[in-house]
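Every chain is named by a letter (A, B, C and D) in the order it is written, and numbering of its residues begins at 1.
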Amino acid sequence: MNQNEFAELTARIKAFADARNWEKFHTPKNLSMAVAGEAGELVAEFQWLTSEESTLASLSPEQLQAIKLEIADVQIYLLRLADVLNLDIPAAVIEKIKINESRF
Amino acid sequence: MNQNEFAELTARIKAFADARNWEKFHTPKNLSMAVAGEAGELVAEFQWLTSEESTLASLSPEQLQAIKLEIADVQIYLLRLADVLNLDIPAAVIEKIKINESRF
Amino acid sequence: MNQNEFAELTARIKAFADARNWEKFHTPKNLSMAVAGEAGELVAEFQWLTSEESTLASLSPEQLQAIKLEIADVQIYLLRLADVLNLDIPAAVIEKIKINESRF
Amino acid sequence: MNQNEFAELTARIKAFADARNWEKFHTPKNLSMAVAGEAGELVAEFQWLTSEESTLASLSPEQLQAIKLEIADVQIYLLRLADVLNLDIPAAVIEKIKINESRF
(Lines give C-alpha, C1' and ligand atoms only; values in the text may rest on other atoms or scores of the structure.)
Protein backbone atom coordinates (compact mmCIF):
# COMPACT_ATOMS: atom_id res chain seq x y z
CA MET A 1 0.00 0.00 0.00
CA ASN A 2 1.18 3.47 -0.92
CA GLN A 3 1.51 5.64 2.21
CA ASN A 4 1.37 8.94 0.35
CA GLU A 5 -2.22 10.04 0.83
CA PHE A 6 -2.39 9.75 4.59
CA ALA A 7 1.14 11.14 5.06
CA GLU A 8 0.50 14.04 2.68
CA LEU A 9 -2.82 15.03 4.26
CA THR A 10 -1.30 14.66 7.74
CA ALA A 11 1.59 16.96 6.78
CA ARG A 12 -0.78 19.60 5.36
CA ILE A 13 -2.92 19.57 8.50
CA LYS A 14 0.14 19.80 10.74
CA ALA A 15 1.51 22.73 8.72
CA PHE A 16 -1.86 24.50 9.01
CA ALA A 17 -1.86 24.05 12.80
CA ASP A 18 1.81 24.96 13.22
CA ALA A 19 1.38 28.18 11.24
CA ARG A 20 -1.24 29.26 13.80
CA ASN A 21 0.71 28.08 16.87
CA TRP A 22 -2.03 25.63 17.75
CA GLU A 23 0.34 22.84 18.92
CA LYS A 24 -0.40 23.63 22.56
CA PHE A 25 -4.11 22.99 21.96
CA HIS A 26 -3.49 19.77 20.07
CA THR A 27 -3.03 17.35 22.95
CA PRO A 28 -4.37 13.86 22.26
CA LYS A 29 -7.10 14.45 24.85
CA ASN A 30 -8.26 17.66 23.17
CA LEU A 31 -8.10 16.13 19.70
CA SER A 32 -10.21 13.16 20.80
CA MET A 33 -12.82 15.71 21.91
CA ALA A 34 -12.63 17.44 18.55
CA VAL A 35 -13.21 14.13 16.77
CA ALA A 36 -16.26 13.50 18.98
CA GLY A 37 -17.57 17.02 18.47
CA GLU A 38 -17.31 16.76 14.69
CA ALA A 39 -18.85 13.27 14.74
CA GLY A 40 -21.76 14.86 16.61
CA GLU A 41 -22.17 17.41 13.83
CA LEU A 42 -22.03 14.61 11.25
CA VAL A 43 -24.74 12.54 12.95
CA ALA A 44 -26.86 15.70 13.33
CA GLU A 45 -26.95 16.04 9.53
CA PHE A 46 -28.81 12.72 9.40
CA GLN A 47 -30.94 12.79 12.57
CA TRP A 48 -34.29 13.77 11.07
CA LEU A 49 -33.86 11.91 7.77
CA THR A 50 -35.28 8.47 7.17
CA SER A 51 -32.76 5.85 6.06
CA GLU A 52 -34.15 6.24 2.52
CA GLU A 53 -33.79 10.02 2.62
CA SER A 54 -30.18 9.59 3.76
CA THR A 55 -29.09 7.81 0.56
CA LEU A 56 -27.10 9.32 -2.29
CA ALA A 57 -30.14 9.10 -4.57
CA SER A 58 -32.26 11.20 -2.21
CA LEU A 59 -29.92 13.82 -0.76
CA SER A 60 -29.94 17.29 -2.27
CA PRO A 61 -26.61 18.71 -3.51
CA GLU A 62 -26.67 21.10 -0.53
CA GLN A 63 -27.18 18.25 1.95
CA LEU A 64 -24.42 16.20 0.33
CA GLN A 65 -22.04 19.16 0.41
CA ALA A 66 -22.74 19.73 4.13
CA ILE A 67 -22.20 16.03 4.86
CA LYS A 68 -18.98 16.01 2.83
CA LEU A 69 -17.53 18.86 4.87
CA GLU A 70 -18.52 17.19 8.16
CA ILE A 71 -16.80 13.99 7.04
CA ALA A 72 -13.74 16.13 6.23
CA ASP A 73 -13.81 17.68 9.72
CA VAL A 74 -13.86 14.27 11.42
CA GLN A 75 -11.06 13.09 9.12
CA ILE A 76 -8.92 16.16 9.78
CA TYR A 77 -8.99 15.74 13.55
CA LEU A 78 -8.54 11.97 13.28
CA LEU A 79 -5.42 12.49 11.16
CA ARG A 80 -4.13 15.14 13.59
CA LEU A 81 -4.75 12.84 16.58
CA ALA A 82 -2.92 9.95 14.90
CA ASP A 83 -0.07 12.33 14.05
CA VAL A 84 0.52 13.54 17.62
CA LEU A 85 0.42 9.91 18.80
CA ASN A 86 2.72 8.77 15.99
CA LEU A 87 0.13 6.20 14.86
CA ASP A 88 -0.18 4.87 11.31
CA ILE A 89 -3.89 4.91 10.44
CA PRO A 90 -3.76 2.63 7.35
CA ALA A 91 -1.82 0.01 9.32
CA ALA A 92 -4.27 0.34 12.22
CA VAL A 93 -7.24 -0.10 9.85
CA ILE A 94 -5.71 -3.24 8.36
CA GLU A 95 -4.98 -4.59 11.85
CA LYS A 96 -8.57 -3.91 12.94
CA ILE A 97 -10.05 -5.50 9.79
CA LYS A 98 -8.03 -8.64 10.53
CA ILE A 99 -9.35 -8.68 14.10
CA ASN A 100 -12.89 -8.29 12.77
CA GLU A 101 -12.33 -11.08 10.23
CA SER A 102 -11.45 -13.45 13.05
CA ARG A 103 -14.56 -12.40 14.99
CA PHE A 104 -17.40 -12.33 12.43
CA MET B 1 -1.83 13.07 -4.61
CA ASN B 2 -1.89 9.33 -4.91
CA GLN B 3 -5.43 7.98 -4.39
CA ASN B 4 -4.35 4.43 -3.63
CA GLU B 5 -4.49 4.29 0.16
CA PHE B 6 -8.03 5.55 0.62
CA ALA B 7 -9.34 3.58 -2.36
CA GLU B 8 -7.61 0.39 -1.25
CA LEU B 9 -8.83 0.59 2.36
CA THR B 10 -12.33 1.49 1.15
CA ALA B 11 -12.39 -1.55 -1.13
CA ARG B 12 -11.24 -3.86 1.66
CA ILE B 13 -13.88 -2.58 4.04
CA LYS B 14 -16.60 -2.90 1.39
CA ALA B 15 -15.52 -6.47 0.60
CA PHE B 16 -15.66 -7.33 4.30
CA ALA B 17 -19.20 -5.95 4.58
CA ASP B 18 -20.40 -7.50 1.33
CA ALA B 19 -19.13 -10.94 2.35
CA ARG B 20 -21.42 -10.73 5.41
CA ASN B 21 -24.42 -9.27 3.54
CA TRP B 22 -24.29 -6.11 5.63
CA GLU B 23 -25.16 -3.74 2.77
CA LYS B 24 -28.72 -3.36 4.05
CA PHE B 25 -27.41 -2.10 7.40
CA HIS B 26 -24.98 0.30 5.79
CA THR B 27 -27.29 3.21 5.02
CA PRO B 28 -25.63 6.63 5.34
CA LYS B 29 -27.82 7.35 8.37
CA ASN B 30 -26.73 4.18 10.14
CA LEU B 31 -23.07 4.67 9.26
CA SER B 32 -23.14 8.23 10.64
CA MET B 33 -24.37 6.69 13.90
CA ALA B 34 -21.55 4.15 13.83
CA VAL B 35 -19.01 6.96 13.37
CA ALA B 36 -20.52 8.80 16.36
CA GLY B 37 -20.60 5.63 18.46
CA GLU B 38 -16.95 4.86 17.76
CA ALA B 39 -15.97 8.50 18.37
CA GLY B 40 -17.65 8.13 21.75
CA GLU B 41 -15.49 5.11 22.51
CA LEU B 42 -12.41 7.06 21.41
CA VAL B 43 -13.16 10.05 23.66
CA ALA B 44 -13.89 7.65 26.54
CA GLU B 45 -10.30 6.39 26.34
CA PHE B 46 -9.13 9.89 27.28
CA GLN B 47 -11.86 11.10 29.66
CA TRP B 48 -10.10 10.55 32.99
CA LEU B 49 -6.58 11.35 31.76
CA THR B 50 -5.02 14.77 32.18
CA SER B 51 -3.75 16.37 28.99
CA GLU B 52 -0.22 15.42 30.07
CA GLU B 53 -1.23 11.80 30.70
CA SER B 54 -2.78 11.68 27.23
CA THR B 55 0.50 12.30 25.41
CA LEU B 56 2.60 9.72 23.60
CA ALA B 57 5.33 10.01 26.24
CA SER B 58 2.92 9.11 29.07
CA LEU B 59 0.56 6.50 27.61
CA SER B 60 1.27 2.86 28.36
CA PRO B 61 1.60 0.46 25.41
CA GLU B 62 -1.79 -1.00 26.39
CA GLN B 63 -3.46 2.41 26.37
CA LEU B 64 -1.88 3.31 23.04
CA GLN B 65 -3.00 0.01 21.51
CA ALA B 66 -6.59 0.58 22.69
CA ILE B 67 -6.55 4.13 21.31
CA LYS B 68 -5.11 2.92 18.00
CA LEU B 69 -7.93 0.44 17.55
CA GLU B 70 -10.56 3.06 18.39
CA ILE B 71 -9.05 5.40 15.81
CA ALA B 72 -9.22 2.51 13.34
CA ASP B 73 -12.91 1.96 14.14
CA VAL B 74 -13.78 5.60 13.50
CA GLN B 75 -11.76 5.50 10.28
CA ILE B 76 -13.40 2.29 9.06
CA TYR B 77 -16.94 3.68 9.40
CA LEU B 78 -15.90 7.06 7.98
CA LEU B 79 -14.48 5.32 4.90
CA ARG B 80 -17.60 3.17 4.56
CA LEU B 81 -19.87 6.23 4.88
CA ALA B 82 -17.91 8.11 2.22
CA ASP B 83 -18.06 5.02 0.01
CA VAL B 84 -21.87 4.66 0.10
CA LEU B 85 -22.19 8.40 -0.59
CA ASN B 86 -19.58 8.24 -3.38
CA LEU B 87 -17.52 10.95 -1.67
CA ASP B 88 -13.76 11.37 -2.06
CA ILE B 89 -12.34 11.94 1.44
CA PRO B 90 -8.89 13.26 0.42
CA ALA B 91 -10.50 15.79 -1.92
CA ALA B 92 -12.98 16.77 0.82
CA VAL B 93 -10.15 17.25 3.31
CA ILE B 94 -8.23 19.48 0.88
CA GLU B 95 -11.42 21.46 0.21
CA LYS B 96 -12.02 21.92 3.93
CA ILE B 97 -8.42 22.94 4.64
CA LYS B 98 -8.76 25.63 1.96
CA ILE B 99 -11.98 26.87 3.58
CA ASN B 100 -10.21 26.96 6.94
CA GLU B 101 -7.22 28.81 5.45
CA SER B 102 -9.55 31.56 4.28
CA ARG B 103 -11.16 31.74 7.73
CA PHE B 104 -8.29 31.66 10.21
CA MET C 1 -38.67 10.84 45.55
CA ASN C 2 -41.01 13.39 44.04
CA GLN C 3 -41.65 12.61 40.36
CA ASN C 4 -42.87 16.08 39.46
CA GLU C 5 -39.81 17.65 37.89
CA PHE C 6 -39.07 14.97 35.32
CA ALA C 7 -42.76 14.43 34.52
CA GLU C 8 -43.42 18.15 34.20
CA LEU C 9 -40.43 18.82 31.94
CA THR C 10 -41.26 15.75 29.87
CA ALA C 11 -44.85 16.97 29.39
CA ARG C 12 -43.69 20.44 28.33
CA ILE C 13 -41.26 19.02 25.79
CA LYS C 14 -43.89 16.66 24.40
CA ALA C 15 -46.42 19.52 24.09
CA PHE C 16 -43.82 21.59 22.24
CA ALA C 17 -43.16 18.75 19.78
CA ASP C 18 -46.83 17.86 19.35
CA ALA C 19 -47.76 21.48 18.57
CA ARG C 20 -45.35 21.32 15.63
CA ASN C 21 -46.35 17.83 14.46
CA TRP C 22 -42.87 16.51 15.11
CA GLU C 23 -44.02 13.12 16.44
CA LYS C 24 -43.08 11.42 13.17
CA PHE C 25 -39.50 12.60 13.53
CA HIS C 26 -39.27 11.55 17.16
CA THR C 27 -38.52 7.86 16.76
CA PRO C 28 -36.22 6.44 19.43
CA LYS C 29 -33.50 5.98 16.79
CA ASN C 30 -33.70 9.62 15.69
CA LEU C 31 -33.80 10.90 19.27
CA SER C 32 -30.71 8.88 20.20
CA MET C 33 -28.96 10.66 17.32
CA ALA C 34 -30.15 14.02 18.62
CA VAL C 35 -28.74 13.22 22.08
CA ALA C 36 -25.40 12.30 20.47
CA GLY C 37 -25.41 15.42 18.30
CA GLU C 38 -26.07 17.69 21.26
CA ALA C 39 -23.47 15.86 23.37
CA GLY C 40 -21.03 16.60 20.56
CA GLU C 41 -21.84 20.31 20.81
CA LEU C 42 -21.39 20.13 24.57
CA VAL C 43 -17.96 18.51 24.37
CA ALA C 44 -16.96 21.03 21.69
CA GLU C 45 -17.50 23.85 24.22
CA PHE C 46 -14.68 22.35 26.29
CA GLN C 47 -12.29 20.96 23.67
CA TRP C 48 -9.67 23.71 23.64
CA LEU C 49 -9.91 24.57 27.35
CA THR C 50 -7.52 23.14 29.92
CA SER C 51 -9.17 21.36 32.82
CA GLU C 52 -8.47 24.44 34.95
CA GLU C 53 -10.03 26.76 32.38
CA SER C 54 -13.12 24.53 32.32
CA THR C 55 -13.98 25.14 35.98
CA LEU C 56 -16.72 27.41 37.31
CA ALA C 57 -14.10 29.80 38.72
CA SER C 58 -12.49 30.31 35.30
CA LEU C 59 -15.34 30.29 32.78
CA SER C 60 -16.67 33.61 31.54
CA PRO C 61 -20.40 34.30 31.93
CA GLU C 62 -20.74 33.90 28.15
CA GLN C 63 -19.01 30.51 28.20
CA LEU C 64 -21.13 29.34 31.12
CA GLN C 65 -24.32 30.46 29.38
CA ALA C 66 -23.36 28.57 26.21
CA ILE C 67 -22.55 25.44 28.24
CA LYS C 68 -25.83 25.75 30.17
CA LEU C 69 -27.84 25.78 26.95
CA GLU C 70 -25.94 22.78 25.56
CA ILE C 71 -26.64 20.85 28.75
CA ALA C 72 -30.30 21.82 28.31
CA ASP C 73 -30.29 20.51 24.74
CA VAL C 74 -28.89 17.13 25.78
CA GLN C 75 -31.42 16.98 28.61
CA ILE C 76 -34.36 17.87 26.36
CA TYR C 77 -33.66 15.07 23.89
CA LEU C 78 -32.87 12.61 26.68
CA LEU C 79 -36.26 13.36 28.30
CA ARG C 80 -38.00 13.05 24.91
CA LEU C 81 -36.27 9.72 24.21
CA ALA C 82 -37.26 8.34 27.60
CA ASP C 83 -40.81 9.57 27.00
CA VAL C 84 -41.29 7.76 23.68
CA LEU C 85 -39.85 4.59 25.23
CA ASN C 86 -41.98 4.98 28.36
CA LEU C 87 -38.89 4.88 30.56
CA ASP C 88 -38.62 6.49 34.01
CA ILE C 89 -35.29 8.31 34.12
CA PRO C 90 -35.07 8.84 37.92
CA ALA C 91 -35.76 5.16 38.50
CA ALA C 92 -33.20 4.22 35.85
CA VAL C 93 -30.59 6.47 37.47
CA ILE C 94 -31.19 4.91 40.88
CA GLU C 95 -30.97 1.44 39.33
CA LYS C 96 -27.68 2.33 37.62
CA ILE C 97 -26.20 3.87 40.77
CA LYS C 98 -26.96 0.63 42.62
CA ILE C 99 -25.25 -1.37 39.88
CA ASN C 100 -22.23 0.95 40.12
CA GLU C 101 -22.18 0.63 43.92
CA SER C 102 -21.85 -3.12 43.58
CA ARG C 103 -19.04 -2.69 41.05
CA PHE C 104 -16.76 -0.01 42.47
CA MET D 1 -41.91 23.13 39.83
CA ASN D 2 -40.65 20.90 42.58
CA GLN D 3 -36.83 20.84 42.63
CA ASN D 4 -36.56 17.63 44.63
CA GLU D 5 -35.89 15.04 41.94
CA PHE D 6 -32.93 16.72 40.28
CA ALA D 7 -31.45 17.85 43.60
CA GLU D 8 -31.87 14.43 45.17
CA LEU D 9 -30.33 12.53 42.25
CA THR D 10 -27.51 15.08 42.05
CA ALA D 11 -26.75 14.62 45.76
CA ARG D 12 -26.70 10.83 45.44
CA ILE D 13 -24.32 10.95 42.48
CA LYS D 14 -22.03 13.42 44.27
CA ALA D 15 -21.98 11.22 47.39
CA PHE D 16 -21.08 8.21 45.25
CA ALA D 17 -18.19 10.10 43.64
CA ASP D 18 -16.98 11.65 46.92
CA ALA D 19 -16.90 8.26 48.65
CA ARG D 20 -14.43 7.10 45.99
CA ASN D 21 -12.34 10.31 45.95
CA TRP D 22 -13.25 10.94 42.33
CA GLU D 23 -13.58 14.73 42.68
CA LYS D 24 -10.19 15.27 41.03
CA PHE D 25 -11.37 13.44 37.93
CA HIS D 26 -14.67 15.31 37.78
CA THR D 27 -13.58 18.51 36.08
CA PRO D 28 -16.19 20.02 33.77
CA LYS D 29 -13.99 19.16 30.79
CA ASN D 30 -13.72 15.51 31.80
CA LEU D 31 -17.42 15.24 32.59
CA SER D 32 -18.35 16.69 29.18
CA MET D 33 -16.26 13.87 27.67
CA ALA D 34 -18.07 11.31 29.82
CA VAL D 35 -21.43 12.65 28.59
CA ALA D 36 -20.22 12.35 24.99
CA GLY D 37 -18.83 8.87 25.58
CA GLU D 38 -22.09 7.62 27.09
CA ALA D 39 -24.12 9.32 24.33
CA GLY D 40 -21.97 7.35 21.89
CA GLU D 41 -22.90 4.11 23.64
CA LEU D 42 -26.57 5.14 23.54
CA VAL D 43 -26.56 5.84 19.81
CA ALA D 44 -24.70 2.57 19.23
CA GLU D 45 -27.67 0.68 20.71
CA PHE D 46 -29.78 1.98 17.81
CA GLN D 47 -27.32 2.08 14.92
CA TRP D 48 -28.32 -1.10 13.10
CA LEU D 49 -32.06 -0.90 13.91
CA THR D 50 -34.58 0.56 11.50
CA SER D 51 -36.71 3.36 12.93
CA GLU D 52 -39.55 0.85 13.25
CA GLU D 53 -37.34 -1.64 15.09
CA SER D 54 -36.33 1.14 17.49
CA THR D 55 -39.85 1.69 18.82
CA LEU D 56 -41.18 0.52 22.16
CA ALA D 57 -43.49 -1.97 20.41
CA SER D 58 -40.57 -3.68 18.66
CA LEU D 59 -37.71 -3.66 21.15
CA SER D 60 -37.04 -6.79 23.16
CA PRO D 61 -36.97 -6.52 26.97
CA GLU D 62 -33.20 -7.02 26.80
CA GLN D 63 -32.76 -4.22 24.27
CA LEU D 64 -34.97 -1.90 26.30
CA GLN D 65 -33.04 -2.67 29.49
CA ALA D 66 -29.72 -1.92 27.76
CA ILE D 67 -31.11 1.35 26.39
CA LYS D 68 -32.48 2.30 29.80
CA LEU D 69 -29.08 1.89 31.43
CA GLU D 70 -27.37 3.91 28.68
CA ILE D 71 -29.91 6.72 29.20
CA ALA D 72 -29.12 6.53 32.92
CA ASP D 73 -25.39 6.82 32.22
CA VAL D 74 -25.85 9.95 30.11
CA GLN D 75 -28.15 11.40 32.80
CA ILE D 76 -25.71 10.64 35.62
CA TYR D 77 -22.82 12.48 33.97
CA LEU D 78 -25.08 15.33 32.87
CA LEU D 79 -26.25 15.80 36.48
CA ARG D 80 -22.66 15.63 37.74
CA LEU D 81 -21.51 18.18 35.15
CA ALA D 82 -24.32 20.57 36.08
CA ASP D 83 -23.43 20.07 39.74
CA VAL D 84 -19.77 21.01 39.41
CA LEU D 85 -20.78 24.06 37.36
CA ASN D 86 -23.53 24.99 39.84
CA LEU D 87 -26.12 24.94 37.05
CA ASP D 88 -29.83 24.26 37.55
CA ILE D 89 -30.89 21.82 34.82
CA PRO D 90 -34.68 22.24 35.13
CA ALA D 91 -34.31 26.03 34.90
CA ALA D 92 -31.95 25.64 31.92
CA VAL D 93 -34.42 23.33 30.17
CA ILE D 94 -37.28 25.83 30.68
CA GLU D 95 -35.04 28.64 29.41
CA LYS D 96 -34.12 26.63 26.31
CA ILE D 97 -37.72 25.67 25.61
CA LYS D 98 -38.67 29.36 25.68
CA ILE D 99 -35.84 30.14 23.24
CA ASN D 100 -37.08 27.35 20.97
CA GLU D 101 -40.67 28.61 21.21
CA SER D 102 -39.55 31.99 19.91
CA ARG D 103 -37.65 30.31 17.06
CA PHE D 104 -39.98 27.65 15.67
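Keep in mind that, in the parts below, contacts are C-beta pairs under 8 Å (C-beta built on N, C-alpha and C of every residue); 3 or more make two chains touch, one makes a residue touch a chain.
Because the structure is a prediction, the values reported are computed rather than measured.
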Could you tell me which pair, C-D or B-C, is linked by more C-beta pairs in contact? C-D
Self-contact between copies chain A and chain C, residue sets same or different by half: same
Rounded to the nearest Å, the gap separating the Cα centres of chain A and chain C is 26
Interchain centroid distance [CA atoms averaged], chain B/chain C, Å: 26
Whole-Å distance, chain C centre to chain D centre, using C-alpha means? 5
Where in chain D do residues touch two or more other chains at once? 30, 32-33, 36-40, 43, 46, 50-51
Name, in rising order, each residue of chain B that touches chain C in their complex. 32-33, 36-37, 40, 43, 50-51
Going by the contact rule set out above, which residues of chain D touch chain C in the complex? 1-6, 8-9, 12-13, 16, 20, 27-30, 32-33, 35-36, 38-40, 42-43, 45-46, 49-51, 54-56, 59, 64, 67-69, 71-76, 78-79, 81-82, 84-87, 89-90, 92-97, 99-101, 104
The chain B residues in contact with chain D across the complex are 25, 30, 33-34, 36-41, 43-44, 46-48
